[in-house]
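What follows is a set of notes on a single structure, which appears directly below.
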Amino acid sequence: MSEATEMAVPSYLAHHFETLEKQQHAARLGMWVFLATEVLLFAALFAAYAVYRYLFHAEFAEASRGLQTWIGLVNTIVLVTSSFTVAMGLDRSARGHGKGTRALFGVSVLLALVFLVFKYVEYSHHFETGELPGRFYRGEIPGPGPRLFFTLYFMITGLHGIHVVIGMTILAVIGLRAGAGRYTPEYNVPVELAGLYWHLVDLIWIFVFPLIYLI
Amino acid sequence: MNPSLASDSGYNPRNYLNLPATGLRSWLTTLDHKRIGVMFLIGTSISFAVGGIFALLIRIELLTPGPTIMTAMTYNRMFTLHGIVMIFLFMIPAIPSGFGNFLLPIMLGAKDVAFPRLNLLSFYLYVAGAVVALYGMIYGGADTGWTFYTPYSTTTVTKVVPILLGAFIIGFSSILTGLNFIVTTHTMRAPGLTWSRLPLFVWSIYATSIIQILATPVLGMTLLLVAFEKAFGWGVFDPARGGDPVLFQHFFWFYSHPAVYIMILPAMAVISEVVCAFAHKNIFGYKAVAYSSLGIAFVGFFTWGHHLFTSGQSAMTGGIFGVLSMLVGIFTAIKVFNWTATLYKGSIAFRTPFAYFVGFLFFLVFGGMTGIALATVSLDIHWQDTYFVVAHFHFIMVGATVMAFLAALHYWLPKITGRMYPEGWGLVAAVMIVLGFNFTFIPQFLLGNSGMPRRYYAYPERFWPLNVASTAGASVLAIGLLVVLIYTLAALKWGPVAGANPWRSRGFEWDTPSPPPPENYDVTPVYTHGPHEYDEPTPELPPAGAVEPKHV
Amino acid sequence: MNELFRRLLFLPEQASEYARDVDALHFTVISITMIGATGVFLAALFFFLKYKRRSDDDVTPRVEPSTLHEAIFVGGPLVLFLALFAVGFPQYMRLSTPPEDSMDVYVQGKQWMWKFAYPGGPSSIDALRVPAGRPVRLLITSRDVIHSFFVPALRVKQDALPGRYTQTWFKADRPGRYEIFCAEYCGLSHSAMLGELVVMPQADFDAWITQQRRGLASAQDAAPVPGERITPASSIVEEGRRAAAEQGCLKCHSVDGTRHIGPTWTDLYLREEKLANGKTVVADEAYLTKSMMDPAADIVAGFQNVMPSYQGKIPSPEVAAIVEYIKSLRTTAVAAGPSEGPVYESVPRK
């Protein structure tokens, strides 16, 4: 991430690269490798979820039914739309319309905020009904299943939420820089990488939604 | 040959140690991979000393069957800290982040790693993690063993959380280094340096990096879940809350078994260079050695279950993990055979790094063979959690990896500092260390056979004689390491100037002056062949008539 | 030969046929691997001496491996390692499948002691008494953290996990006393969590267990050690009855053979039950334990899936006790069932 700022200096080319092309290749590859580690970070949680879902099948199903599916659905639509606007923003940037990029990234950031507002509604509902992780669980479903469910629910959605906040920040910074004309059609790797990160955040949600809300 | 080949043999005055500045500030804010590598080497060496002192205290405690110098509580903390410091603070970062950082870009003919800022961040994450863990150690310590098995780790009263967080932070340091090396290897190679000409050091470090980026996040998440469970009662692994403690073991070993290869692959990287340089011989079977690194990295991900043979997993699962563990042995065997075959018709100079290669080979071959015995599942049932396992992994991780670390230290000291260590003392210390290791750990194999479980504070008297032998060996080992420390520090100031290539090695890193200039090479090198090709005389040497040709 | 190797490798005595078989494999594997390792290392040493450097300017020939070399380097170890595995795996299978006629003993690890409970009543602390020449199946669990039950003389080890049962078995072939260790680090007194395996002639064992049932242990070799070791509980069957009542099991399961919400417990043990999915199952310990943890998995035909899971709600010792209680409800067993009070005995540590 910190490379993005380094590469944004007017001459773009860092001292240790011979060509800009090589440098951009390195930045892209670095981002993809980073995304791989991100996926594995979530993979650990998904694996734990799968194991406990198998062990406490009925209780997990019941706890999952207690979630408000419509919020999950709306959030899915919100995130997919924001991914779409990010992709359009990248397209503008590739054509040299920095201001267009700024506007579209701005829309994405707003959509991310909508996502977080819904998340807040959802979380506050859980706090009211006592659907909390581990020893804090005060819900109605007996047995250890729902406690584990809500531990994993909060871990997964919480970690994803942190990623949304990080992604929003990146989009905002890169969007403003694009609006200030810092990138050219020849050099817009930071825009591309910010978009890539946001797509990953979206993609993880695409897995979270059916896994937690639907099954 | 390389156009930038250094012909002078003096001390390079235009080097990374005094450019761009020499102050502490210029070091702490440096983006130069060489300086970052040196800082990692200093940090990991200090950790090694600290972990070693813990080890000595453990050995002294075990000198008698009952209490010797400490209470059971202190002892339990001591072996926990020994494991954590040695593994997370020394073994995992020492060779990749230390020597790897220094050498990888030089071997690639690059000016730096792809992301110098991430590299510096990686170093500071290492420091931050070490500080957080140190806080936990000073204010309470942990008594869980470095494996943090639940539910013990979530119910003990000791300060487990800061140590877990420390390991978590160091994990990110490891990920960033791995990411940097992968991208650097892919994108920063000098003109003409194709994949099939890469030094074998680079291949092994590349394989290590893959493990680092794929396995470390899982460990990070697992440690975080344990920390949450301990701090907030969000039980995920706690059986009292329906959790499954064996799931923790699966998660933990999914990282920690590949982590063993994070420790041994860089050692193999070093050895592949040292054996060529001191036998003056091209590697026998370049492709086999290079690809077996990737093979180890790949298969290493699927062997974690061999840590759970006695945990009640099904016999079928045990069998599958047993077979896969055997496969890892095959890749290691390929390397051992190829290194040995490299010596054939070589021109062997028995200098200190080569002495450590001999030690490495001994520990890897014998330690590896005990690994094969352990993968024979029914034998493992008896050995699991006994001193046999302790001795086995110390043979591999300490024996082999520390031998490689010391080989690397002696081999590259002239490149890093521009100065030579004293050869006589070097050989004396090497002999002491190799013998000391054997006297420390061979008795432990026998202790394991006779049934002494690990992590025992007190033990029945029949284990006494072997424990005394082990402690005696440890003291020889400690003195040997102390000798190395003393003469290395002395060599920094008084060591004779080494020149660009004191070994007449044809590893790429010797083509640049010692210590290297800040940009690594005065002229960007262009490569027309691979490293370590000794089948033609060196250019600046006398005409071919003076040398007896030995062509086959 | 066996004895020579055993002493050379510092192995403890072999208290069972399995231990002898494991050791035989051990000696083979160690011999092969050490000979192999020595061979490789000697080859390297030979090269060190033969190809010493004569001058700094030596030129060495370029030697590349042929396909044959590669094949040998890969194939040799592959065949050897897989062969070793193929020999070792059946032994592992043997240890995972206890014989059907084995005697059951419940083992419970607890910081920092071992508790052994025998079917039909008696239990003991730190001393596992078994008859010689009879297979013994250990059903192992833990009350707190993970422990590991380890008898070096038997070459047997099995982790004790909280909240679930693991099993292993052995057949000690002659009377004697052997060490029991805890092999999984479990806290402060991990190294003091020692026990003793006492193998007795069958007749002595029968006499001992009868005496235990009669509550005559106080006249025996070991008086109870003072302190928290002795928990004033009734026998394991009694404890099972109490636990079953407390947990509400008896609201749905009758103990007199009448049909209720759930299947009756009378004569349930080892009964062949027809399941709702058409299969049949023998109601052994595993099935009974599983049915408490995951009742929905195997519903007996004609009953509704209404029972909640008791996973994590009943401490493992109570699960064991309930199983023992169910076992005691066999019509034959009810007649001969123990009615005496609890008996605990303990051996002093060395």
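In this document, chain identifiers A, B and C correspond to the written order of the chains, with residue numbering beginning at 1 in each.
Operating definition for what follows: a residue touches a chain if its C-beta (ideal position, glycine included) is under 8 Å from a C-beta of that chain, and two chains touch if they have at least 3 such contacts.
Keep in mind that this is a model prediction, so the values were computed, not measured.
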Review point. Where centres are the averaged C-alpha coordinates, which chain has the largest centre distance to chain C?
Key: A
Review point. Which chain lies at the heart of the structure, taking centres as C-alpha averages?
Key: B
**Study point:** Inter-chain centre distance, chain A versus chain C - centres from mean C-alpha coordinates, in Å
**Key:** 47
Study note, to complete from the structure: Cα centre of chain A to Cα centre of chain B, whole Å, reads 35
Exercise for review: For chain A, write out the residues touching at least two other chains, lowest number first.
Suggested key: 55-56, 143-145
Check your understanding: What parts of chain C, by residue number, touch at least two of the other chains?
Key -> 311-312
Review point. Counting only residues that touch at least 2 other chains, which ones in chain B make the list?
Key: 241-242
Revision key, fill the gap. Seen from chain A, its contact residues with chain B in the complex are 2-3, 6, 14-18, 22, 25-26, 29-30, 33-34, 36-38, 40-41, 43-45, 47-48, 51-52, 55-56, 133-136, 143-145, 147-148, 151-152, 154-155
Exercise for review: Using the touch rule from the top, collect the residues of chain A that touch chain C in their complex.
Suggested key: 55-59, 142-145
Check your understanding: Considering the complex alone, what residue numbers of chain C touch chain A?
Key -> 294, 296, 308-309, 311-313
Exercise for review: Would you tell me which residues of chain B are touching chain A in their complex?
Suggested key: 110-118, 121, 175, 179-180, 182-184, 186-188, 213-218, 220-222, 225, 228-229, 232-236, 241-244, 247, 251, 524
**Study point:** Residues on chain B engaged by chain C in the complex (per definition of touch)
**Key:** 72-73, 76, 143-145, 149, 151-152, 155-156, 239-242, 245-246, 279-282, 284-285, 288, 309-312, 314-315, 318-319, 322-323, 326-327, 329-330, 333-334, 336-338, 340-341, 343-350, 358, 361-362, 365-366, 368-370, 372-373, 375-379, 381-382, 384-386, 446-447, 449-451, 453-460, 466, 504, 533-538, 541-542, 546-547, 549-552
